[in-house]
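Both of the next two complexes hold subunit A, though its partner changes from subunit B to subunit C.
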Partner chain A sequence: MRKQTHSASTEINKNTEGLHNNVVKMVNTASKESVNVTVLVSVGEHPLSKRPRRAEQDARAIEIGLNLPGTQLHVMHAGAADNVQTNTVLKDYLGMGLPEIQVLNIPQEADNLTALTSNFTDSNPDIILTGIRAENGESSGMLPYVLSEQLGMALVPSITEILSVDKKAGFAELLQALPRGQRRKVRVKLPFVATVDMAAKAPRQSAFGAAMRGKITVVDAIATATTNNANTEWKITPAQPRPKRLKVVKAKTAADRFKAATAKAQGGAGKVIYNNQEAADAILKMLTDEKVL
Partner chain B sequence: MSNLYRRDPRAQWIARNRLHPLHVPEGQLVQRGPTGLLRKNVHTIGFIGPNGLKRIDRSGAADSFEQLNRQSAQGSNSAAQEEVVLPLHKVANPDFYILVVVDGVSGRLSSHDRDTLGLAHKLATHEAHIENGVLAENNAAFDKGIEGNEVRTGAGASAGERTGAVVAVFFDAITEERLDITGIDRLVNFEGNEYQHYNPEQRCADLYKLVNQLNPKHVLFPDSIHGGADLGRRLAAKLNTTVASNVWKVNNNQIVCRGSAGKTDITRAITNIMLVLEECSEPVSDTRHECLALERPLEQSLNQLPNINTQYLPNQEPSPVLEQTPDQIVESISQQKITDLGNVSVNPNDINLAEAGFILSGGNGITDWDQFHHAAAILGATEGASRVAVDDGFMPRERQVGATGTWVTAKVYIAVGISGAIQHMQGIAQCEKVIAVNSDASCDMVKRADLSAIGDSQEILAALLTLVTEQKGEPKSDLNTDLKGDKNNQSTSTSDTSGQNPHQATPIHMLEALHA
Partner chain C sequence: MFADDFLPSVLFVLLLVSVLLTLVGAGRRVRLWRQGQASTVHWAGLLSIPRRYLVDLHHVVASDKYISNTHVATAGGFVLTTILVLSIYLFGISGPVLNYALLASSALMFIGAVFVFLRRRNPPPNLSKGPWSRLPYSLLTYASSFFILSLPATGLLPTNTGGWLLAVVLLIGITWGVGEMYLGMAWGGPMKHAFAGALHLGFHRRQERFGGGRSTGLKSINLESIHLETGKLGVEKPEDFKWNQLLSFDACVECGRCEKACPAFAAGQPLNPKKLIQDMVVGMAGGSDAQFAGSPYPGVQAGTHKGGAIIPIVNVLVPSETVWSCTTCRACVQECPMMIEHVDAIVDMRRFETLEKGQTPGKGAELLENLKTTDNPNGYAPNSRMNWAADQNLPIFGQQVEQADVLLWIGDAAFDMRNQRTLRAMVSLLRAANVDFAVLGDSECDSGDPARRLGDEATFQRLAKTNIATMAQYKFKHIVTADPHAFHCLKNEYGDFGGNYDVYHHTGFFAELVKSQKLSLSTDKALSLTYHDPCYLGRYNGEYDAPRYLLEAMGISIKEMERSKTKARCCGGGGGAPITDIPGTQRIPDMRMEDAKATKADIIAVGCPQCSLMLEGVVEPRPQVKDIAELMLDALVLDTQTLDAQILGKQVLEEETAVDTKLSAVNLEPTAAKVVNVKVSHKITSTADV
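Moving on, here comes the complex of A and B:
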């Protein structure tokens, strides 16, 4: 199985060599080194207390990075440096056993995307992991998509696991979270951006000692002002509970309305079977009809 | 018997009492009165006009007699059984388009899709009053050097009234039967082998082309894990714009969306690409729509755009598969950086109980717990338990279903030996099909269940297991000989992005169970 995927992927590589010369070249030159994984972390926000905390998906992304053997893990935060609250949260991340977190120093109102893009074009990471959405602010979830578009990388949404990374062949195999607890296996070309789902393995606890030992390195970044000033016109209020959808009865006559209001739930009585064998048949039929077997 | 007419006071009372359950609202036009004389029921004359008021056509035209017969011909059918023919909403020459990219999980429209279509219909019909300046501004992001937009805004200004068409985009085959009542004016269906797999990049590229050609005013996606949320953001990144995500309210030019992961409401101006939440709008229910296949002018040069309106084919089934030139195929393959390797088999007991699709739940009536676990493994069901079973130590606490445990949403829930305490029934309220296996026919679970088997649960489970193993006999032997080959098949054949049949891929666990 393993061998097959190797050969298959190299073949594809040959086929697309002409078209994706630059990508292949980059993979080849860097192939001797280990896989470079960069995790972008943000400052989370507790849903009730609104206190800053480790963002849950970002912590899971670090957990995935820590569990990948033979990789170089870089953790990066883009935001204002030397902020007390940010530093407490970054210490929480460091407490997972990270030696260092880089902080791209970007003022609050500046655009962090250009800084991130220029940083990544310099550092050439193979894998960029982020959460799906931020826990504060607009949380539109656009950042990984824009990053992948600007860097020309593939994007895999809501992954739970990185099964294997083959830097020589330039491919990685990932598990993606689907509804109803299902998983899909996808193969993706390196380099890629992936967002980490909540179904991924829960992050390890943050240890105080490790947090104290870890370093926060501030990297100066080119700050450019945000281009869209639309945000200033936004009105941000605490979330209102959404009204429940009412059952609208479109009755023309009073009798119809009366019936709709007083009608009992239909079909309350299901089928009752007393014979064991018949019952087993009926259950099997229902299971196959519902396509669960 | 004599010809004497005999009164039936009860029938007369029912006929008078419009709220009586047996009352037939639109009876015969001519009925026996209380004295036995034939009486004309004047209430049934006429018809309900388009504005909901009753109209009687007294013009003496040919129809004016039919309107009497129309009612009497229906006879004693009750109003509920009548097939209501909804008025047809026609958009001949749309001034603008609202693009809706539905999830279409296994070819069907989910309620989320319907809500999104409802919102699109609202946007297409209710936006006649918005000033053109705002429209031009909104369209600006999609311009990208296309002149078509200018032409259309000019037309809108002269006409004053602008109507839009809702264009629904389906990927893969459509299995939904009645598309006309869902509010789709135009239909675009991308079909082909590649769409049966997970190929977000291809889909995004197709959408990108479509958006550049139609230049729609808004593009709506359901903000769902079935693909809408991902596709919308991909498209936005490609178009170099941004999205409004988690939109749950649209008032003219203003939208309200959830921010900060659901903690805040952001009121902002309406955007081009919107990812909308469930229940953002009522689904379309009052009108039928044409649901015409939109001839996609993908091969045309862009300067032919203003002529799109004449390109619709009336009442054509989903448009034929787009023919690609070899160059385009090579291009599309090289653009695909993600390859779908199919769904992998998941241990049912690793699935979170709240989102499991098939649960076998055991309660106080179970005597043989080994058989229960064996049955769950063979059926490929996630295990659940009632509070009693958990309290007695047969099952762990996290498997408890009910008000104090987990509220489950399974498609099929089998309750073995559970009588159905009210707390348990609350927990399974959202399950679609409930099967009860119980020795007591009068318990609450049997009242709730769609199918109940009364008898000894151990025997019924044993009978079910023999049936299932018999049925799976052939594939099982295949598995033993060629497990690897089966795996390969799986990776190519299972492409279910929906999780609708979550337990397709369970043969490995079946084997485990057989060895146990």
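Moving on, here comes the complex of A and C:
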């Protein structure tokens, strides 16, 4: 599923500040078409009050889109149209200064991937931005992966910034979030799907006036019944917090502790397995060791 | 032709031309005001102008006796002189009585003008210079010219005294005086304040303020009826103000009382209420702030900001930090002798910044987002609102009770550990007085105060409507709250949305309980204490006496700070100022704590959760900060009867909790403590019996 990811050069850059100062270079003079950026937004959920809200990552995706000069920004929501709660949240997104949000009208039970895929086959976006995972519901985080596979696009997970887009050359430079505040610059072929990390720039304030003026346009979509009928029978319970692993502090000096806190986690134990059977055994062993199974 | 024939005829022409030019200028000025938006025209107010000037305005001016007497003499003299001059020299009504009257009135004006001159020799920094420094000379010239002119007319001096020389000198003097006093009135000179000010008193947007009334609630925007395609929310350009607001800006006399009172200005934040109003005038009339001759916004170079009626104000004419520095403490409004509403103008501009531009600075956006999703400013889980009272067994509306005498409004102090102490004290006091009260529990929302002051009218209205709908389900007689901000919203701002309640601040309610002897306080503690008036209790709601009554009932003689009651300095916690956090050269609470230290008091008593937080944030050593409820609980005297009643009344409660609450919450006098011990042991045995 991730075979097309990071197609080109990657470089690890610990000094992220220099990168943030990079000016976004937009080269789209040759082909007069501007870059078509589509942001997929969902209805988020506040972790404490459970109220619907702008999903944090999706709002960051819009912020990235708004900060790209010379692009056509489309914001799209796939779900049931004319739902009061959904519309309140979509208005909140509109309040960021968007003229319009399109709603692909898909009934609650239907599968929105088919509708999205057929929509994107028609509209041919250059960049599709989504959050990493939804804030409620299944929250599997699978949508961007399946979408990129079906559209035959690359997928870049956890980006924080789009540094430049060169439509003529067909490449974009992105900044990807790594653990411990590190960033990696990746060059990716257009078109691509990217998920936006929480480390991206915080979304701008939603203004009431702009929210009221923005339009919600409903687009009819081909709705196919979901292939996964099982989920209607699912019982949803709040997630249990995962028990914390006991941390044995080996560091004796402050310098060691500092290193432990800042150094990148070293894998070391990983190995490359080509045989499917061996790979499955290794995964099973790991899951048993971690007491997941 | 002799000088005494020549002068009246020249004067006739001079006065006629000046009056005509004045009328033209006045028409032009009226056109400037009419650029503003429609607002109710209070025609009846015009009839009240003299009364409002003599009573309401002078009530404010009289806080400075020097200038109030000076102004009575100068303005009174000027008005009389002008009426007489126009009667005699323009309309030709003559007679010895009029001449003597003119002599007297111009003399009166001259005396006043001398005092104006004396004050202007070494003007304090709050007074504007520029054209205003010229004014005393113009006043003296106008008064003396007509005084000298009347001398021959009354026969006190022979006609033709001074001959041509005096006639020419008088003519120059009168031309200058009339130019400043008549033309300046309509064409934007310092005397503009007389013309605009009189009309402003008549057409004031808050007519309730006159005749001893009070009007402090912010004006609401009708969000349902506004046409978003054409209309806009809040004020972007000068023309978006109501016409009578534009008129009010023109009334400013640049006396700088607001500047002296403004806590943000004193803290070096980029706000000067006087300059703000003058900038609004620049915006209305067009031009730049280069003409402004007073103190600039601290840290902002004046003179380069341009404005116009259709030019956006914020970040062009006025830096956005200026608009966000205000703590909405109303000290400027209280001090303004022209009764200008600075806070309304600031909130109008904030509304545009928040509702249309989405540019609330600092943590503003985060706070508003939290209010949207959790109904409290800090984003706590809404169902944790009552956690502070887990051990209090409070009756909750909709759970244990449907009606009570008193609805106890908790406010966001529920989430703050320091202010939970005040809440606990308040609950203990209400129980000691056997008050039948209940709380809304988790269904209470933030009152909307911070959202409204930060310009988010939409969130305020949602919260207000939610709270009103919640309270409509239950029966209660009064609302009592320890938070003056919630007090103000519930009392003065919920009415626009159909919520009319009998609201008490806890000090007002407790004062009644003490007066009716339902609570008795010991008087044997000699505390060295000063009291800090919360803005939203004092200036917003006029409550200065109840807190002082309670403190005195505890046998305390308050060491008043220099700035107290109407002149109290803000703690810096209002209007979302701690949220937007505009930097200055010092912090407002530090300045207020200096005020308190100057009284050498050990304790600073407060009546507001914001004030306790801001003042406790000042580094020690400093006086202790205590809410009046906490002080009262320390001084509470429980007699055996009330204890018995309480113990009987509390049998429904967990016995352990009841004992704990009693002992921990009530810090009793040594003698009373014995009583409690007896009673407690009595109660424990009785429990054992059961």
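Please note the rule applied: the second predicted complex is superposed on the first by the 207 of 293 C-alpha atoms of A that agree within 3 Å, B and C clash if a C-alpha of one lies under 4 Å from a C-alpha of the other, contacts with A are read in each partner's own complex, and residues count from 1 in each chain.
Keep this in mind: a residue touches a chain if its C-beta (ideal position, glycine included) is under 8 Å from a C-beta of that chain, and two chains touch if they have at least 3 such contacts.
The structure displayed is predicted, hence computed values, not measured ones.
Novice: Quick check for you: in the superposed arrangement, does A:250 touch first (subunit B), second (subunit C), both or neither?
Specialist: In the superposition, A:250 contacts subunit B only.
Novice: Should A:209 be classified as contacting the first partner (subunit B), the second (subunit C), both, or neither?
Specialist: second
Novice: Determine, under the contact definition given at the top, whether A:293 touches first (subunit B), second (subunit C), both, or neither.
Specialist: Once the two structures are laid over each other on A, A:293 reaches subunit B alone.
Novice: For A:272, using the defined touch cut-off, is the partner it touches subunit B, subunit C, both, or neither? Pick first, second, both or neither.
Specialist: A:272 contacts subunit B only, not subunit C.
Novice: Specify the partner with more touching residues on subunit A, choosing between subunit B and subunit C.
Specialist: Result: the larger residue contact count on subunit A belongs to B.
Novice: Along subunit A, where are the residues that touch subunit B in the complex?
Specialist: Against subunit B, subunit A makes touches at 1, 16, 19-20, 45, 47, 50, 133-142, 145-146, 148-149, 153-158, 173, 175-176, 178-189, 192, 199, 228, 230, 233-240, 242, 245, 248, 250, 252-256, 258-259, 268-277, 279-284, 286-287, 290-293.
Novice: Considering only the defined contacts, which subunit C positions touch subunit A in the complex?
Specialist: 228-229, 232-233, 354-360, 364-365, 368-369, 372-375, 379-382, 456-458
Novice: Which of the residues in subunit A come into contact with subunit C in the complex?
Specialist: Going through subunit A, the ones touching subunit C are 46, 48-49, 51, 53, 92, 95-97, 204-210, 212-213.
Novice: Could you pull out which subunit B residues touch subunit A in their complex?
Specialist: The contact residues of subunit B facing subunit A are 18-19, 21, 23, 25, 48, 52, 79-80, 198, 200-201, 225-226, 229-230, 233-234, 236-238, 240, 242-245, 248, 258-269, 279, 282, 285, 330, 333-334, 337-344, 346, 350-352, 355-358, 379-381, 411-412, 414, 432-435, 437, 441, 446-456, 459-460, 463-464, 466-468, 471, 484, 487, 491, 497-503.
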